[in-house]
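Order of writing sets the labels: A, B, C, D and E. Residues in every chain begin at 1.
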């Protein structure tokens, strides 16, 4: 047993991530955004009616369950695990789903259950410091309700909410599957914005690389972009599989007429993916470009300086000659010897300059 | 709600692309070419008859609908969204299709509907400044009509129109599916021309790299070509999938005898794709080649200059020796000491030169 | 036969690995950890009962076979081959399985037999010297028993054992298939920890590369990381296939309700795999980054030094001029000639310095 | 219409390839080898009979059509399009096939028609200047005839013709499908020869890179090889797919007993493909090798020269010291001061030399 | 016909490989090991009996054909083609098989015939000069016999023969399919040994790269390893497909109980393949590592030397100053001027040294 203890010590040295080594199905929050309260934003609507309600009491959400209206319960804050469990148990969510809702590093996926679909995806946005934020979102889609779980308040669904409120668009007349589509569509549309922001950063950096006058070191900046695009890729790539599977799923939850929309969504996520791959290639290529630029600039410096040395070395030699103390150096006694030498030196100077110019070394 | 507002501010900072965050199916033009009028070029033909008509009034197109003739309606200009919607509704196009027609960054794709096929592709050409222009084209293929939507006037279909007018070729006697094939064939043939132009640019640049006397910096030029080939690839690669699916589609719209032609078209698009991949590899290889060339040239310069220094440094040392002021330096008092030294110096000079030559350093 | 003998000599020169060239199915230990005794850790439980027993006598394990309880026999130490054979024969394991249990370089795999499943996997951990240890583990899953074989004592199952002991979690009420899942889950969870440790090492090294002041040579360190990630990859990648196959296997041994858990496990192993691929790319990228950093630093040094030389070379030339012994050098006889020259030299010095600064070479 | 005209001007600027923008199915020669006459080489044989006939009149070929004998019509020269059309119409070839026969940049492919198979492939050989020639060959395989179309006279089928003439081998007793196999076999065998020639060129270049004394620039040579292997690859890779499809085709034209031979052919084309891939990798690797070799050589030069400078710089400094004009420099008045200094200089010289040697810098 | 002759001349210039351009199915030896005699090593066994017999007369092998015993005929030497043909005809082998037996560059493959299986594989070993030898082996597996064909005597089957002789292992009681498995198993086990030898070479070279004091050029050595691993890969990779197909073949020749063993064999060949891929990556990485090492070392040299120059250049300038012949240089007339200057020089010397040290340039 001594050995086992030793291993255990090692195991802690490895610094296990939070929530690891727990019973599978244990609901333990793994993210960073710990808020004290869980807020629920409940939208209940049908073609005719619309009501919106915000609360901190989870049980308030239970009364919206009547089959005629579609209910969208948006849960902000995952750190109060007990609230999640209460909700989860009310909607009869499998323990593994409850675990996935609060496991913020869970990759995007779709799970089919008889009564509902469970979809995990990531919401990306840049914060005030232009740092890419990756928010874990889960969605449960039932017959007449959709529950979404976010880490914090603030999301990309405000346009959707407004459309719901004003009764514009198809969404008010449609079922929960169209709401699911509308939510995913908002997320994917937001990916386009993120990619545009990213593309902007890449182009700005590219211009800086070419125009650089300050000899800055861009290695870290490029490395940072590399990590950022990888982060985006980890969010976007698996969602493509999710939507692809959503297209093929046979479930009464998704109506025939929604499938055209999901098809369209799949087109969009493929397009985002292509952008990601292209910018990934470009960012990787930036390193090569940067190295070429550096070595071009360095070469320019070295060349000019070396040429300078090459011109003065023969001149110094000439001066050295007439600094010698031989008893008999005839040139020294010429009347204008000194000026002749200056003439020779100027000739050599411009001769070499002309030679280097002709060789295109200058 | 304060948080939500903050997020919203961020979202605008990300600068969303036009038409994003709209209700799916909203028809909003996303391109740059905004013209004031939409022009329609209508060709109506059967084996015996042929008529061509140009108009700015969308409703003029509706009268050409009789089952015997094939009608080709070519729409130039997508910025007058209302005209597109009018046409779309007349032909009973799904809202998502109407959206795709004006979403100029939609990638090439094919959608099957019961009454028609919807195909999106890109028309490539170089403008006067040799800038690659990527024009978004959509095509709706019905039983006895084809509608094409372009961003601006001017296209690659003039040969096809002429053939239609003169009654040459198979097209006059065939159905709308053959017209669809002929349009796609013209587009793919044009890709061959674009690739030839591109291949020309690559070869010219390659020659410049090898012959370069001016020490130009080609990094940006190579980078530009990289982006251009990526742009072509984004247009061509998905069209291959489109045509592949066109081959396999089971629809009454496509006749048995046309399938041989589509087969042939698929061969051509594969060939274009291969060219694209080959030139992509070549352009990527250009960077390596450029760096080798630069470093070869730099090495040549540095070597010659370093050798120059290496020859004069010992000579300067020799002159230095006899510039010393020791009371007793016997050589200084030799009668021809000065000339002996010159002899020694010339010997050293040519000795080193010969040594470097023999070592192949010069 | 002389030739055959010669070949044989060669064959030994090739240094065959242990246990190779034996009859297939021969049970011969190939690992390094040779312990004198085999210890067995037997856990026998049902929903109500729990007992744990440790022994060095293999035959002690045989009495735990009654159909109501689930028995988990954990065997530590594979070098006493006879013990393995005794156990193997008791459980009627195929000779090839017995061979795989002691062949420590066997890659992860799953074999289906009628009476049991046989799974091979790797347990990874870092030892005290931060060296990655790769322990070969085999598992036989029967109707009411699970036998695991490890090379040495100490493992990642202590949490699981505790849960079994305290009757917490689902495991006590479930069948042997859930125990199998729980064991694999512990292993995969541990991969996450290993990857976190690895990611830490990569980030530390990355920081060191950027901040390096000591001009250390990181080539070997990077090479070492490369090998380590390859080692992890060899353990993790095939397990993914194993779990994928476990999902699809049709066997009475795995109950319907366990399949959701295996599904979840598959999600996790994919996630580990993605991490492995990302860190592999990063480590490969480190070499490039290191080279860029080195050459940036080298360039900085060379530039400063070359500039220094470039400034003093013209100055030395100027001093050389007035060291010449011409009879008539008018400047030498100016009263303040020496000081004038100093003035000129200081001018040249600061002039060049200013020029280099303006050119951003300093 | 003004715009359309402008676009058209652009289109010509893109310089469309010959035969592009024509009606699909138009038969227009696109190659370079324009000969004035089309020659036909007709071999007519059965197990018992053999006759060979050469003519310039296409219609002569039509009389050889009797079901008992196999007729092989080999057409040399594709520029007289009318002859091709006459032949094509006689054999009832689809217009697209007639187009492919004369479109010399058509990639290898196989088309199945009810009455015949149509196969396009490339014949490779090196001309007198060791330039790789890529000849477009088409083959129509009917029930009792094979027609092959080549760009010019001279091919790799002479061995086959001889075997046919002498009645050796299986070919005389077999059907047209075996003749088809024999022709493809000759082509693939020739690919082996081409690859051997290519492998020879690569090895010669590799040796030159290592032994290079002349500081030649091999960049262009490597670039040329790159293009050559790409050319071979474009010919060989699609033929593999062709033969693979030939294996799987269900047609009465191919007898059961021939399929073993086609199987064997497929093995060979895979082997050629593997060679192509290996040499492609090697040629790409040559560039790296070349750069390493160059930079090794450059380093050697720079090192020796820099060391030379480093030795003479301190010596020159020493000489400079005693060239100073201080009133009181005691060493100058030592009797043997000059010789002492020489001694010191020689010491420094050899000391530095020894130091550099010990550091392995020389 | 003149053209045809010219082409033919070219064709010989391409230097066709032996046995190419022959009738398909022609049996012509293509290897290098030409021995005068073919030796046969015949082992005939059943569970009870065992006899071994060696002969040079092919016909001797024919008498061992009785259905009860398993006969293993091992043929050494492929250059006496007549012997191969005699044997081949006796066992009714297809002409293509007979061709493949003697075509030593045939890649590994499996062919199914009704009466037998035909398997081609490669036996790898290192000769005395550590050169990798690639021996072509073919195997025909019939109902009660196995015939193996090798290029030369000496193989990896001695352990197997011994097991057969001593009646150890399963092989004596099993059918010809188990013998086939045992032979392939010996070959694959030998691949492990070869990979171990190779891995050793890679590690030795890696160590040499890091510790290199002699400035050796390792480019050729790395290039050699690259070719060696490619050679191994060409032998091993296709065998994987062969064994995979062996697993899936439905033939009465392979018994149910043998399939577990073939399964195991497939595991092993995958493992070898993984090793090959890993070492391939490593060897490719060696080049990068080597270049980094070289450039690190070069940088070290250049830096020290440049620093040396940078220290002496200002000192030489100082000496130059006081070598000038101005009438009035006050310092020259100071009593201890010379010593003051020495002091200043020593200050500058150590000052610069300290500065470079602080900047970590030394």
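Things to note:
Keep in mind that, in the parts below, a contact is a pair of C-beta atoms (placed from the backbone, for glycine too) under 8 Å apart; a residue touches a chain by one contact, two chains touch by 3 or more.
Predicted, not measured: the structure shown is a model, and the values here were computed from it.
Listed here as common contacts of chain B and chain C: A.
Annotation: the chain A:chain B pair of sequence copies touches via predominantly different residues, less than half of the used numbers being shared.
With each centre defined as the average position of its C-alpha atoms, the distance from chain C to chain E rounds to 27 Å.
Rounded to a whole number, the gap between the C-alpha centres of chain B and chain E is 43 angstrom.
The residues of chain A that reach two or more other chains are 295, 302, 306, 309, 313, 316, 320, 323-325, 329, listed in rising order. Taken chain by chain, the contacts form a single closed ring in which each chain touches exactly two others.
Around the ring, the chains sit in the order A, C, E, D, B, counting from chain A and moving first to chain C. Residues 125-128, 152-156, 158-159, 163, 168-171, 181-182, 185-186, 189-190, 192-194, 196-197, 200, 206, 210, 260-261, 263-265, 267, 270-271, 274, 278, 285, 288-289, 292-293, 295-296, 299, 302-303, 306-307, 309-310, 313-314, 316-317, 320-321, 323-330, 359-361 of chain E are the ones that touch chain C when the two sit in their complex.
The touching residues of chain D, when paired with chain B in their complex, are 3-4, 6-8, 10-11, 13-17, 20-25, 94, 96, 105-107, 109, 111, 213-215, 217, 219-220, 223, 226, 230, 234, 287, 290-291, 294-295, 298, 301-302, 305-306, 308-309, 312-313, 315-316, 319-320, 322-325, 329, 331-338, 341.
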